[in-house]
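Presented below are the structures under discussion, each in the form of structure tokens.
Common to both upcoming complexes is chain A, partnered first by chain B, then by chain C.
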Partner chain A sequence: MNALKFNWRTLVVILGIIFLLIYPLLGASSYMRHLFVLFFIWAIVAANWNLLMGYAGINSLGNIGFLAIGGYVSGILAKTFGLSPWLTIPIGGLTTCLLVTVFLGLPALRLSGIYIALLTLIFADSLPSILTQTREITGGAMGLHEIPPFFPGMTKTGAYYVSLTFFLVILYIVYRVIHSSSGLAFVALRDSENFAYCLGVNKFRERLKVFAIASFLTGIAGGVYVHALGDISPTTLGIEPFLLTIAMIELGGVGTFAGPILGAAVIVFGNEFLRLADTLRLTLLGALICLTILFFPGGLMQLVDQVERWVIRLLTKRRDLSKKE
Partner chain B sequence: MLEVRNLDSFYGELQVLRQVSLHVDAGEVVALFGPNGHGKSTLLKAISGLHPPTAGSVKFQGEEIAKLPAHKIVERGLVYIPEERHLFPDMTVMENLLLGAYPPRARKRVKSNLEFVFHIFPKLEMRQKQLCSTLSGGEARMVAIARGLMSETGLLLVDEPSIGLSPGMRKAVFEAIAAINRERGITILIVEQEIENALALSNRFYLLKKGQIAFERPTDQVDIAEIEKAYF
Partner chain C sequence: METIVNTLISGLISGSLYAAMALGLTIIYGVSRVFNFGHGVVALIGAYLTWMALQSFGVPFLPATLFALAAMFLLGVGIYRLAIKPLLQKPNWEFSTVLFMLGAGILLENVLLQLFGPRVKSIPTFLTGRLIIGFVEINGHELALIAIVIIFIILLSLFFKYTRLGQAMRAVAQSIPGARVVGIDIDRIFSYTFGLAFLVTGFSGILLGTKYYLNPHIGWEWMVKGFVITTFGGLGSTTGAIYAAIILGVVEALATLYLGAIWVWPIWFGMFMIILLLRPQGLLGGRL
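Right after this comes the complex of A and B.
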């Protein structure tokens, strides 16, 4: 039974990756390739946010801020100083990691629950005003435009494949972290701090580690964002991207690996197709989220698990029947 | 191996432990008896660093550990298994066991420790992929003890392992504890209310009353009447 379960999931992942690899060759429109790039980026953001919120139980509300820092640092270095994006993306990630670990990670060791939420929210909310104060470098409310692409003369297909590579590599890293002893330690600290100490879990190290990993990888996603799309402005830090990303995690399933990725797919593509509904777009998304939370509090992953159980039960029943005959 | 001297412990204003001294030698099984609410669990928590003592010294393998944070104490091989069966419900049995192997020293020996754990608790091998929230009380107890063994333990502090279990399960748990001591030479300090069972597997015992050690005896000179008197 377990083998069946295992095979089924691995198969879906392999088919998914193959599909993503050949999709642009199947004659996808430029618009669809653009949507996929957005999906790759937001899936990275959501997966790392979930690492902090779902696995480590740290109610961070500032993860869009991580994306913005990584994006701005990489964008400014590439545009103003003419550095190669391949250099500026890691620099953006490291800067994000450093800032977040010092300003959020260290204080968060002494804070719990709602206070971490407040601290991280303030951190992200302070960024737009910092950006408008430093108009000369950051472009202020207008934002940065014409940021150099990953390589000169990049097409939409180029952007697609570069973002896809980042998407696969980063999600693989997140997966490995979740299944490492640190991943278990995050969950242990979330569920029962005192008891985690009994097992020798070092809170200081693990808490800083989860902030460092999540912020570094989200900062990298910020770099991918600016070089793939070409611009960034303080609207990225607005309320809509924030709520939509939270919605991806809730919709997909908090504390599951695949959940936020599924959620990102539903929200990114759903949000675009719902543009047909015009002003009703956010209302419809809101209704979808309300329904999910009411009927599947574990998100889409709960639905997937449930369907999987039904199917397995059905299959085993049939097998038993045929044995009897 | 463990040398506790003149330990004082407080919960706020309330003094729970008064000048407690005891020692556990390498390879021994020592039992700690005493009425409920007289400080047995507090003593174990003080030793393991979860509720650090206010005064006194705790020496483990000759080194002072009273001021160390709990995770550092675990790294040295002193492992406390609390009375509450705190398993992480969303993790599988295997994940709980691997979490026990968190200390760097234990990570290197995961494989041989796992083999030993499955040798002591064969049932867990069958249940390794099961979520811990679906285990019975006795199985959960086994996972809690097994997880302690995964930390490359030298001294195991076990807090009331038999509480809330059926008689058959109790017997199994006591047998497992005896086997852990016999086969791996792991030193054990056990707190129990099942006095007869605990006496059967220990070399010495202490009786803790009102936060003080009332007396200490080798198990072969036990006087049940004396223990009963201390309880009532």
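Right after this comes the complex of A and C.
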């Protein structure tokens, strides 16, 4: 039964990757390719956010701020100083990691639950006013435009494949982190904090490590964002992207690896349909978040697990019957 | 000199309004350890309800306020019964309530937007004219606001000190098992606490609505200010929140005078960071 479960999941992942690889060749419209680029970026953000929230127990609310820092640093370096995006994206990631870890991680991670949420939220909230203060460099409320793409003359298909590569690589890293010794340490901390301490788990250090990794990867996602889409402005830091990402994680399933990716797919594509609802869109989003938390805390992954268990029971039952015959 | 004194006074005025606003957050957190991330919108609902009663139904100010406060109390009890109570029984309640209130905040904000539209509104002031002592000039209305806030805070502290319900709330804030041992119904106290906190928050929203313009999105700004104040003063400490609100109100007024309004927020964030680093429990880290 375990083998069946394993095979089934691996098969879906492999099929999914193959589909993403050949999708542009199937004659997808430019609009769909754009949506997929958005999906890749937001899935990276959601997966890293979930790494903090679902696994490490760091209740961060400022991850969009990480994205914005990475995006702005990379965008400014590439546009104003003419550096290659391949150089500026890692620089953006590193800058994000350093800034965020020093200014947020070191003070916040020593504190307990709610303080982290407050500090990160207020941090992300103070970024727009800093951006308007540094108008000459960052473009203020107008934002940065015409940021150079990954390579000159890039098409939508080019952007698709570059962001797909980042998507696969970063998600693989997140997967490895979850299954590393840090990941195990978090499981131990969650199951029995005192026992974990006795085994020599240093909570602060483990959390700082994961915080640094997640902020670095989210900063990279910011770089991908600006070079794939070409612009960034303080509206990225607004309430809507923030809520959308929260909804992705909650809807997909907090604390599962595949959940936020599933959630990102549902929200990115679903949000386009919701444009029909116009002003009611945010109302529906808020209601969606509330209802998921209240009635469906495991998210979509809970549903997947349930269906899987149900199918397996059905299959094994049939096998038992055939044995009897 | 003149400008400094006048700036300090305007700082005190906004500080006392912030204090009223932060109280609602502190009461909920102090008793139930739930952090209300829909706080700003709750304050706005109080203000909008009063506006509606004043403008659409044409009732005078006092009944309009009472109507809004009663509605806020029911809203608080309702949200607790329907959503927070089941969430509190699950393991990760601390963060799931945060996310739930965030979602509920967005939901309610957009309901306000649908009902009242995006245009700014304001609750009419209840006093006109100004008080002039030497070079000090105070708006009569703002003086009334300070007086109302002070009376309100005194009434609240009397309530917590001398009524049975207030004493029970303080007992729950100190220790839930202890309160249970002496026969306090925790669930009932929690639901009254939510009602009371929503009422206080709605009242502060009404006061803010007479000084500032209302629109459905302003609540988030109020809420984040409330967060800084409550953390600065010490989570769950009402006196701490009042001191913090006045300090931050004066800082805001001084920063606006010397550096420009855009610097207020970075300075608040800086002060917030410093207090968290030096004294994570806030100015008066304690309980209700």
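To be clear about the criterion, the second predicted complex is superposed on the first by the 308 of 325 C-alpha atoms of A that agree within 3 Å, B and C clash if a C-alpha of one lies under 4 Å from a C-alpha of the other, contacts with A are read in each partner's own complex, and residues count from 1 in each chain.
Just so we're on the same page, a contact is a pair of C-beta atoms (placed from the backbone, for glycine too) under 8 Å apart; a residue touches a chain by one contact, two chains touch by 3 or more.
Since this is a predicted model, take the numbers as computed values, not measurements.
Enquirer: Examine A:L184 and indicate which partner it touches, taking first as chain B and second as chain C; both and neither are also allowed.
Expert: first
Enquirer: Thinking of the overlay built on chain A, is A:R110 touched by chain B (first), by chain C (second), by both, or by neither?
Expert: After superposition on chain A, A:R110 lies in contact with chain C alone.
Enquirer: For A:S29, decide between first (touching chain B), second (touching chain C), both and neither.
Expert: neither
Enquirer: Quick one: classify A:I122 as touching chain B (first), chain C (second), both or neither.
Expert: In the superposed model, A:I122 contacts chain C only, not chain B.
Enquirer: Tell me the contact category for A:L285 with respect to chain B and chain C: first, second, both or neither.
Expert: second
Enquirer: Can A:T132 be said to touch chain B (first), chain C (second), both, or neither?
Expert: A:T132 contacts chain C only, not chain B.
Enquirer: Which chain A residues qualify as touching chain B in the complex?
Expert: On the chain A side, the touching residues are 2, 181, 184-185, 187-188, 191-192, 194-195, 197-203, 255.
Enquirer: Using the touch definition from the top, list the residues of chain A that touch chain C in their complex.
Expert: Touch residues, chain A against chain C: 53, 59, 103, 107-108, 110-111, 113-115, 117-119, 121-123, 125-126, 129-130, 132-133, 239, 243, 246, 250, 254, 279-280, 282-283, 285-290, 293-294, 297.
Enquirer: Over in the complex, which chain B residues touch chain A? Could you list them?
Expert: 48-50, 69-71, 74-75, 79-82, 86, 88-91, 95, 98-103, 106-107, 129, 147, 151
Enquirer: Across the complex, what residues on chain C touch chain A?
Expert: 35, 83, 86-87, 90, 92, 94-96, 98-100, 102-111, 113-114, 220, 224, 227-228, 231, 235, 262-263, 265-266, 268-269, 272-273, 276-277, 280
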